[in-house]
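Both of the next two complexes hold chain A, though its partner changes from chain B to chain C.
On to the complex of A and B.
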């Protein structure tokens, strides 16, 4: 299996906090990879580095054979962990905005996703619940036909029905496209059946990584492994 | 996981075991039990993945294995169908029976029973003709 993302000895310090402390990891191409770990393990720092939002203090990071850059970002569909987009938009405006601005954006697909995710094109972003907003952000991300999809916390703080809709949309997307997908989440019980590969981070490093089916055969469920590593 | 019925087949997945093997085993056993008939169409990879809420790659792998075993066949543009060859189904029934017996014998062996004692137990339960 080819590697889509390769990190070697990545480090990043914020003041006194060492967010990444020599992270080595290889993420397989065309797989759905979970980036897991407790708060402060360095997951979001790593995710942000992929799009160049954060630059490493040392180490190397190669994504689809390139260094992070604005040019490479055209190939990455990124769902940030905290953002409030589109406040002044209706759903239809958000889709038009994506079509005008985001490389690889498929407008028809975005409108279909919006419908499948239970949103109305006339709905105003301002009045949306957190779950509805998350679904809109996901629709915008999944509408892009790009090699790499990066989802930072797509499920956190979101109601059950929204989560189920998001999972269903992800499964459809995985079935239709050969895309490398990274998902960072704490909602392991509900999402672990979606993962091909998992990376468990601890104190800014890779504590364990492997193919999920192999982990199941050797150590149990992703939840079991998580408990073994962190409790 | 709770039991889910997809295309007449029953599934119950355990996240602490490889999912691919479970999907494969459970489709095989549905065929052996006749929950799905010879020649019947099975759900697409996407439908199965949606119903089981699992990665489509996992379903794909199980389907490829079924095809290699010639338990299913894919017709271009029409989908994947259970074999119409009753011999293949008979063979899978026997294979499942042998697996169950192996498991049973291994368990009794681990409890220290000899083959003669196992036979006696089976007779006492009416499991063997006199």
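On to the complex of A and C.
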């Protein structure tokens, strides 16, 4: 299996806190990969590095055979951690924003996705619940036909119904497209079935990584592995 | 895809504020109340001795600050609204992203100036209709109004760049420079007052001269290149900080 993302000895420090501390990881192409770990493990820093939001202090990072850059972002659909949507946008404006600015954005698919996710084109982002806003942001990301999809905490702080809708949308999307997908999440129980590959991070390093089937055969479910590593 | 992306970025930045203002009903109530007050004041005192139509132009003094606010807010809202992750991961250079904000703020400045000077012109015409001002008085007022408009228009590129740079510095490793940019904002935003003070040492009254520089003054053609050079320098600084020194 080919590698989509390769990181070697990645390090990043924020003041006194070492967010990444020599991270080595290879993520396979066309797989749905879970990036897992407790808060402060360095997951979001790694995700941000993929899109050039954060630059490493040392180490090398290769994504689809290139270094992170704004040009490479044309090939990456990224859902930022703790992001909000532009509050004065209606859903229709958000779709128009994507169509105008994001390469590979499929307007018809976006409109179908927002409809399926229970959103109306005239809804304003500022009046939305957190779950509705999360669904809108996910729809914008999933409407792009690009090689790499990076979702940082897509379920953070949202209700069970919204989570179920998002998981259903993800399953449909993965079935339709051949993409490399990275999902960083704490909601392992609800999302375990999505994953082909898992990376467990601890203290800014790769504590364990491997194919989910192999991990299950050797150590139990992804949840079990998580408990073994972090409890 | 590349074709028209700048226009799409511009529209996005420009419309964000347009929507905000459209939805701020209380702001429009204030605007309407101010217009009613201005009309009432002109009706009551417009024809009296000592009243100068040029007094209507004093609100222009706030414009450099307002212009700074347009560009500063366009960046700051990305941090406070938690939308910076969308903005900064767009597949366009940071220079392009910032230029779109600059252009949108410039557009907003143009609209604000047109609206203000349009309103002032209508008020001057109303005053002339009610109190029978002469053509020469109106012409004199128009000349002074154009001077104020030109000064604000010329200082605007600099204030816009300063606003962008200040907004970017807020989330950068060079945050320590913020006091300097705020001092520059305070001092240079007061440009019209400095110019007026330099020309009028006495109190405003019959002898008060509201003119700044005659239109043929070399200040315009000497000052504009200097202002544009400074504005370009600050804009380049904002791009540099955005590229290398953001603290996200």
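Everything below uses one rule, namely that the second predicted complex is superposed on the first by the 231 of 231 C-alpha atoms of A that agree within 3 Å, B and C clash if a C-alpha of one lies under 4 Å from a C-alpha of the other, contacts with A are read in each partner's own complex, and residues count from 1 in each chain.
Following the convention adopted for this analysis, contacts are C-beta pairs under 8 Å (C-beta built on N, C-alpha and C of every residue); 3 or more make two chains touch, one makes a residue touch a chain.
Remember, it's a predicted structure, so these values are computed and weren't measured experimentally.
Enquirer: Judging by the criteria at the top, classify the pair chain B and chain C on chain A as clash or fit.
Expert: fit
Enquirer: Just to be sure I read the superposition right, which of the two partners does A:175 touch: chain B = first, chain C = second, or both, or neither?
Expert: A:175 sits against chain B, while chain C stays out of touch.
Enquirer: Taking the superposition on A as described, I'd like to know which of chain B and chain C A:81 touches: first, second, both or neither.
Expert: Only chain C is touched by A:81; chain B is not.
Enquirer: Which partner does A:51 reach: the first (chain B), the second (chain C), both, or neither?
Expert: So A:51 only meets chain C here.
Enquirer: Look at A:160 in the shared chain and tell me whether it touches chain B only, chain C only, both, or neither; answer first, second, both or neither.
Expert: In the superposed model, A:160 contacts neither chain B nor chain C.
Enquirer: In the overlay, answer first, second, both or neither for which of chain B and chain C A:70 touches.
Expert: Touch partner of A:70: chain C, not chain B.
Enquirer: Contacts for A:100 in the overlay, against chain B (first) and chain C (second): which applies, first, second, both or neither?
Expert: A:100 contacts chain C only, not chain B.
Enquirer: Check whether A:194 is in contact with chain B, with chain C, with both or with neither, and answer first, second, both or neither.
Expert: In the superposition, A:194 touches chain B alone.
Enquirer: Check the residue A:220 against both partner chains and state whether it touches chain B (first), chain C (second), both, or neither.
Expert: A:220 contacts chain B only, not chain C.
Enquirer: Quick check: superposed on A, how many Å separate the nearest Cα atoms of chain B and chain C?
Expert: Superposition on chain A places chain B and chain C at a least C-alpha distance of 27 Å.
Enquirer: Which of the residues in chain B end up touching chain A in this complex?
Expert: Checking each residue of chain B against chain A gives 13, 15-20, 45-46, 49-50, 52-58.
Enquirer: If you look only at chain A, which of its residues touch chain B in the complex?
Expert: 31-32, 167-168, 171-172, 174-176, 192-196, 213-214, 216-217, 220-224
Enquirer: What residues of chain A sit close enough to touch chain C in their complex?
Expert: For this pair, the touching residues of chain A are 48, 51-54, 70-74, 76, 78, 80-88, 93, 97, 100-103.
Enquirer: Quick one: in the complex, what on chain C touches chain A?
Expert: 1, 4-5, 8-9, 11-12, 15-16, 19-20, 23, 81-86, 88-94, 248
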